[in-house]
Structures are given as C-alpha cells and as structure tokens.
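Dropping the structure in here first, questions after.
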Amino acid sequence: MSRVMSLEEAVEANVRDGDTVAMEGFTHLIPHAAGHEVIRQRRKRLTLVRMTPDLIYDQLVGMGCAAKMVFSWTGNPGVGSLHRVRDAVENGWPRPLALEEHSHAAMANAYEAGAAGLPCAVFRGYIGADLPKVNPNIKTISCPFTGQSLSAVPALRPDIAIIHAQRADRSGNVLIEGIIGVQKEAVLAAKRSIVTVEEIVDDFGQRSPNACILPSWTVTAIAEVPGGAFPSYAFGYYKRDNAFYTAWDAIARDRDSFAAWMKANVLEKGPEAFAAHSRKRAMAAE
Amino acid sequence: MSRVMSLEEAVEANVRDGDTVAMEGFTHLIPHAAGHEVIRQRRKRLTLVRMTPDLIYDQLVGMGCAAKMVFSWTGNPGVGSLHRVRDAVENGWPRPLALEEHSHAAMANAYEAGAAGLPCAVFRGYIGADLPKVNPNIKTISCPFTGQSLSAVPALRPDIAIIHAQRADRSGNVLIEGIIGVQKEAVLAAKRSIVTVEEIVDDFGQRSPNACILPSWTVTAIAEVPGGAFPSYAFGYYKRDNAFYTAWDAIARDRDSFAAWMKANVLEKGPEAFAAHSRKRAMAAE
Amino acid sequence: MTDYTPTEMMTIAAARALRNGDVCFVGIGMPSAAANLARLTHAPDIVLIYESGTLGTKPSVLPLSIGDGELCETALTTVSVPEMFRYWLQGGRITVGFLGGAQIDRFANLNTTVVGPYDKPKVRLPGGGGAPEIATACGEIFIIMAQSKRSFVDKLDFVTSLGHGEGGDHRERLGVKTKGPTRLMTDLCIFEPDPQSNEMIVTSIHSGVTRAQVTEATGWPVCFAHTVAETPAPTAQELEVLRELHARTARAHGNAA
Amino acid sequence: MTDYTPTEMMTIAAARALRNGDVCFVGIGMPSAAANLARLTHAPDIVLIYESGTLGTKPSVLPLSIGDGELCETALTTVSVPEMFRYWLQGGRITVGFLGGAQIDRFANLNTTVVGPYDKPKVRLPGGGGAPEIATACGEIFIIMAQSKRSFVDKLDFVTSLGHGEGGDHRERLGVKTKGPTRLMTDLCIFEPDPQSNEMIVTSIHSGVTRAQVTEATGWPVCFAHTVAETPAPTAQELEVLRELHARTARAHGNAA
C-alpha cells in the first residue's frame, strides 16, 4: 500500500546512495521537483536510468549525484546539448560519468521486461548498427522456431522509480493521462517507487474503464507537489515552458552560472516552490 | 484504410476456406453475429484460434466449418462442456477436429508477439507442466544474461481476426472499452480484420486521451451490427445473457436439437436479427 | 448451531484463509465465492484480480464467467489480457492464486486437461487456462475441491499445473521461488503441505466429519498431521453473507434463488 | 519567383515526397515541419506518429520536443512508449520514417552518436534514440540533412543506424526486408539510391544550385544520375503554409517570430 508523505520524507526513506534510479516522463510529467529534492539531500554515486536524459539529469549530474547514466538519447530537445552532462563525460567535472547507451526500442523493451518479471527483453533491433559492438549488455538470441536472430538486453530493474502524475486518490491509487511514456513500466519494474502528483482527490470520479492507473499496492510513496513537473508539463494542468528549456542552454553552459542557478532555485528552495507553476485547467481547454 | 460494408460482404471478401481465423473477445464483445455469417457462408477447413472457445466456436465446429482449434480453455463458462466440440473431438462429428493446446499466458503472449512483429513470444511459463510434452509448438530458450530457462511459443499471425467493438467513427477508427481482452493484439497480429460494431458515429467525442482505439488503417472491414455480440455483452450497451448460456447446454447436447436451433436462428436469419438484443445504455447506469 | 452444507463449509474455510492485505487472482465458481466472502467479511481491503483484466474489482454479485460486466464496472481499472499475464501475474504481484481441478494428487499437482491418454482421452476437460502460470507465479496457491476417490487420485493422468511436483524441494529444483499450494480446502477437511515432504496432509477436519470419511474419499493413503484441529463451524454471519451473495447472484443471472 | 531559403527548399522537397496514404514516423525539427507541411497541403490524410506514443496527431504548431502536449491533444489516441516501439514500429505498420544525423555516408548510414572514437569522443552527440530501429522497421526512410563536407563524410565515425550498409544487397543479407533510405533531401539537391549499388546519387538539383556546389559539399566523390532533374522551386502556397506554420509555432513557444 502506498503511503502519502512529504517529498522530503519520500526521498529520505527511499533513495539511497549508490541506487539505480529511474526518473521517467517522456517530455510530459518529468519529475523535476523530486529531482531537486534528491539534489538537496545530496545523494551520491547514483546510476541514473532514463530514455531521454534532459534538464533533470543535467542538474543531477552537474551537482555530482551520479556515477553512471543509462540512456538512449540525451540532450535538451530542440535546443542542443546538455552542457553539464558533456562536462562530466568529457572532463570528469564535478565527477566522471560512465555511460551505458541503448536505443529507445531497447530501453522501452527493457522496462517492459522488468515490469513483466522477465530477466531480459527480446526484440528486433540494432540490425547493422554499431552499438552492440561497444555495449556488452546487447546480445543476440535465436528464435527456436524460425532461427531468426533477435536482440536481447537485460531487463531494467531500478532500485527506485520516480515519476510525476496528475492525481492520486485517498486510497493511494495513481492516475496518469496523456503521454504516459514508460512510467507505468518503470514503477512496476522498480523495487520501490515515489510518485509526486498535482493533487490528491477523494475519488477519480468518472473515467475511462481502461484508464492508466497504478494501484496503491504497486507504489511505495506518494507526495502531493503541485507544479512538480515544471518546466515539463502536466496534461490537464499546465503547459510545457518551452522558453525555460531554451533559457537553460545559457544557464548550464557555464559552471558558475549553473552553480548560481542551482543555489538560488534548488538548494535554497523547497518542493513548495513548484506550486507557482501549477494551474488546473480543463483538459480540452486548449 | 478500413472500409464500411455489410457483414455479408465483409465475410465474403475476407474469410476464405482453410484460413486461420481468430475470433476474440474475453466473455465481453464476442463477435457472434460474424460467427453466424461465417456459418451461413459455409466456410470450411478453418483453423479456429481463440483463448476461450465457447458458444461461438461450438456453433462453428458443430456446423462443420473447422478442421483445427488452437486454444487455452474451452467450455461454456460456469455451465459445462461444449457438446459440439466434444462430439467433434471424440467422435469426429460432423468432422474430426484437431486441437493445439496452450495456456492463457502462452496465447496472450503469442498474440502480443504477433502484434509486435516478432516470430515468437518469450515468457516464463509451463514450469513443471505436461503440455510441453504433447505440444511441439512449446519450446525453451535461455536468457543470454542469466541463463534462466524461459518458454517460447510461435507468434500468432491469423489470416483474419474478427472482433466486435462498441463504436466506429466516420473515418473508420474503432473504439473498444471495458474488458478489452486480446482484441487489439488479434487485429494487429492478423493479415486482415473484420470489426463489427454496435454503431457508427460521426465522432467519438470526449474520451480518454489513452482510449483503446484501432486506427482505421489497421482494420480491413467494418460492419455495423447492433447487438452483434449477443449473447455475450457490450459494455455501455447491453448485458450478458447468462440465461442463454445456461440454455445452450441443452440445445447443444443433442445433434438434432443443435441442427434445428442453427437452422432457425442462423441459417434462416441474417445479421439484422441481432438488433433485437441491442440497447444503448449509459455506462454507469447499472 | 446453524445448518450448513459441506460446500458452504468449504467455501467459508477458503475465505478465512485470505488475509486483508492479499492480492488475489480469482477463478470462477467457488474461488470467486470465497474471495468475495472474505472481502465482505474480515478482509475488506483484499484486492481481487480476474484474468479478464480487471484490477481491484468489487462485484456485488458473483460473475458467471471470468469477464462479466460486473467485474469491469466495479474495478479500479481494466487492462488488456496480455498485460494481465505479463505485468500482473508473471510480474510477481499476486500474493494468492486460487485453483481447482478435476484431479489432484498428494503433492497438489492438478489436472484440468484430460482423463485418460492425451491423444485419445476418455474425458476431454476444459484445459489449463491460466492455471499453469498461476501455479508458479503467485506467492502461494489455495486449492478448493470437493473430495472423492475419483478426483483425489494416486497418479494424475496429466499434470496441467505444478503443485509440489514429486515433493520435497522439487519446485526449488525447477527454479520456482514461490510457495505453491499451501492449503487445500475440501468439503471434508483442510490439507496443508508437510514441512519436509510437501505431501498434503490433513491438518483440520470439518465439524461432524470422521477420519474414516476423509480416508475413504482420498485415492492415496492419506496422512494426518500430528495434531488435527476441528475446523470451526461457519458463523451465523459468514453463512448469512455467503447466502445473500448467492441469492443476489441468482437474481442477477435470472435464475430462481 | 518568390524568394526562399535553402532550408525552406529542403523542407518542401521532403514534404512533396510524402504521399496521402503514408503512415509517417516523425522526428523533431525538419522532419516534423516537412510532415506537417505535407498534411496541410497535398496529403491531408497522412497519418503522423511521434515516438512519444501519439497516433494520428494533427498539431497546429510544431512541437519543440517529441512529447509536447499539442501532439497528444490532437491525436486519435496516445499509447505507451513500449507499445509504440513494439506494436507500431516493430510491428511493421509505418510506411515512412524520417531520419537525420550529424554524419551520413554514401550508403546513407547515419551517425548521431559520437564524433571521434566511442570511448574518447571529440564530440558526444545525443545518441540514437529511436533511429536504430526506425531505420530497419519502416517501409522506407527519408533523410533530411543540410549538406557539407563535415557531415557528408567518406567514412562514419560510428554507425548509429543502418542505411544501405556496405551497399548492394547488404540490407537483404542482414535479413532486413524494408527498403531503407530511398530519398535524401539536402539544402542543395535530392539523392536517391542507385538501383544496383544502392549508393546515394544525385537525381535532382535545386533551382539555382550548381553541380560544383554539390560536389564541393560532399565528402565522397559524388555521383550524378544519368538524368538529373531541376527541383521545382517552392510554390507560393507551399511557402505560405510553411511560413505560417513556423510563425504559429514561434508564437506558441513564446519566441519572437
């Protein structure tokens, strides 16, 4: 059964130094507030797993929380490179960052396999590509009926998955809507999970009978953090702050301006600062 | 792009003698009207695939349409045996029926693999069970990372999938709600597909952003057949006729009473007869 | 004491074995009655899952089939059947699975496939359905079966689903980490696995039933635990809730109650 | 004739290559502009799919990232990312995939991973994302890339995604049944694979561009088809629709147009 607690408590209880952490959200519902809390609590030597490391991991890497990153595409989407990630990879600043690189299909299948309790994911991938030459975690397997060669990667089984969702109900169930990405799989694949939500409601009320819901008994901790996905967005609540993504490029390019921004906006703030970005709006409103 | 046509035309154009046919629907949305049309058009030597062969396949088998059945559980749920299927298996009447037997997990995974374009499905199954000893289509495969032994079955790739759904829109997209079973996978795994629907609407209107929808370009033919799932049910329209399922036991027990029922209710009727069972009701109404 | 039938006793014994925190994979028939009885009495928060895809369902009447509308309408949400078998069952999220069968052996292996040879069966049974994977993926397995020499057999005609295999640590040797059958509820008594051999032995006999009756209804030389309890008779509340459930169900399915 | 930029020409050439019946896997940036331009001009029924899970999306402005809200709000429906890669891409349902990259070779293999050695790169690029499987699972591949000697190279530092491999029937020998790159649109010209060698050769040069410019901007000895067409200049309507799309996008993203 999930427990509702503050984000501070949730991170304190569930994220440990050296953990393999998956913070997921595909453009949508990226758990920025939780990422900031992990930084404030000074977690170290994390293996950060994420299909598309963007600002949230640029911040964690730049603050020295990570030892390794498992990913399939990294960058500030539509803007450019992640300067903090590059500084860590190319110059070891503030610490060296090891990379384990896959394709999207491999990562998505690996989360799926983790959720499904399988040791590995099997898919048709990487044909003629160089990544299997540099990543020993990509192997091949033969279909026992056709002899066809397929790719296999180990299932992802993070110690902790962290996601942001629209709503939880009083029983601790979590509703996710819109671009749902790999969040459900990440939570089901992980040993523990933290879900930050825009709001906790008495009851989800009228909904699709096939709504994407994580039952309370699959979630470890829930924290109500309105606006907690900013500058990402929450479908039905607030839009993506594209201008912030663009502005990040200049902030992160320089070590000092990055440090100053993190001090002012993360180290000296708390999760409640995200509430300023929250805004409930009708789903179809725009 | 799907084409809207009569059920007669849809079956005429898409179901061929000797085809592998998957009629799916897990208690819910079983395409009975389409099954009747296949019987009326006297299709022969079909391989009938279905996780839970129940009345719809009892009728097809009893009318001599099938040469083989691929399944994981067969019976009249909560009532008893399928007498026509047993008569075919045990006495070869009206024709012999070969059986290929799997577990639910295997069938569900095999449809999933078919939809995913894979040659086989890999799952953890059949441990300590006898079915792999009698079904050569169950093999084992080793995880290349852990050495763990997993089961593999060939992907299901029917020639034709037939399902019933609540609604299609004017563009030929199909909306399925409630117990969605393996219907989406069956359609995506099949070379061709027929979808009967309760109604064709101008627009689906307000719906979950993650509704279970088959885009028109994944469906071959759509036929509007209100009540077409009877005596199964259509969530949001009409309830399961449990009394009919119970009554079927006596009808099907005897070859003559079965033949008489099929003549009166199938051979001498058309799809429009199902409209009597249709009834649009509010989803939450009961 | 209230009058009750052996089937009621069996159902109630099964309901009692369920705990409030359980996540239960429910089959049709007696397992469904037992699981819902538990939910309506001592285990209000039990999570019921049906293989048709319904998660956390709270039916007010019992389904006739595994995918009745009632299950979906009262569920937290409903997922596809491939997802059900991959993420929820194989994913190891179920604490208790219910099974039954046409035949059981002393190690609680089950047969729901054929009586007689597979290729030329005397009786063609429904087949395994979800059972082969339920048997190994759920944390533990409860079995409900009416007891008779015909169904409690010395040797199965076909192993549809694994119980304790050949006994002892056979499950472990097959790489299975779950407990397997921990409880077998019949209309006469309750069996539990012997801690060493994993043979199912009688640990509790229902009120009014004799050891001789149990022995007579078992197709292998049945063993009794050192201490055999008497199963407490159904309470008035248990019987009332169970009978109301059946009466509501009969009315809803259009049958006479 | 209206004035236009080389980038506009490239985007419009890509849009023209799309057909009304296509199911198109769209990437961010120029592919997104081209695909939506096609949808807003000659291919109103084209189905656009973004890897974030949106099926049949009809955005009125271009997304900055692959999962912008606009994509979901205008989609027929949105599926999970594992489903997107399993059922929709790997399932073989996409007719055209768009790719681009930092480096391309004469067989249209692409590199978006590293410049320099993999373990000690000179430039760490974003990585493959969906490209390795898009390249082999889509019916055919269109590539959009601005042309220069730095990006059109003799030898890739890293093969992120397969084009025609080493040329000829290399794809077939790898068991790949899809066509691979059938069209490469640059700011100077259009390449198509030679029917035998599958080397990308110039089949159309944009109006006002010379063969010398094309040769100069290509890092391998570029081949020209026997007959090289002149790419028709953008029509007034094409330019108008494209510029309106960009203007709406700039306004929506809070930038000056």
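Labels for the chains are A, B, C and D, by order of writing; each one numbers its residues from 1.
Here is the rule we go by: a residue touches a chain if its C-beta (ideal position, glycine included) is under 8 Å from a C-beta of that chain, and two chains touch if they have at least 3 such contacts.
Computed from a prediction, not measured in an experiment: that's the story for all the values here.
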Of A-D and B-D, pair with higher C-beta contact tally: A-D
For chain A and chain B, what's the span in angstrom between their mean Cα positions? 39
Could you tell me the distance, in whole angstrom, between the mean C-alpha positions of chain C and chain D? 57
Rounded Å distance, chain A centre to chain D centre (Cα mean): 28
For chain D, residue numbers touching 2 or more other chains are 72-73, 78-79, 86, 90, 137
Touching two or more other chains - residue numbers and ranges from chain B: 112, 116-118, 123-124, 148, 178, 180, 185, 209-212, 235, 284
Is the way these chains touch best called a line, a ring, a star, complete, or other? other
Among all the chains shown, which pairs meet the touch rule set out at the top? A-B, A-C, A-D, B-C, B-D
Any idea which chain B residues touch chain C in the complex? 26-28, 51-52, 71-75, 77-79, 81, 86, 89-90, 101, 103-105, 108-109, 111-112, 123-131, 134, 148-149, 178-182, 184-185, 212, 233, 235, 239-240, 242-243, 245-246, 284, 286
Chain B - residues contacting chain A, complex: 116-120, 122-124, 137, 139-141, 143-146, 148, 150, 152, 154, 177-178, 180, 206-212, 235, 283-284
Which positions of chain C touch chain B when the two form their complex? 28-29, 51-54, 63-69, 71-73, 78, 80-82, 84-86, 89-90, 109, 113, 118-119, 121, 124, 126-133, 135-137, 158-162, 165, 170-171, 174-176, 253-255
Once bound in the complex, which stretches of chain A touch chain C? 1, 112, 115-118, 173, 185, 188, 209-213, 215, 217-218
Residue numbers on chain D that touch chain B, as the complex places them: 21, 23, 47, 55-56, 72-73, 75-79, 86-87, 90-93, 137
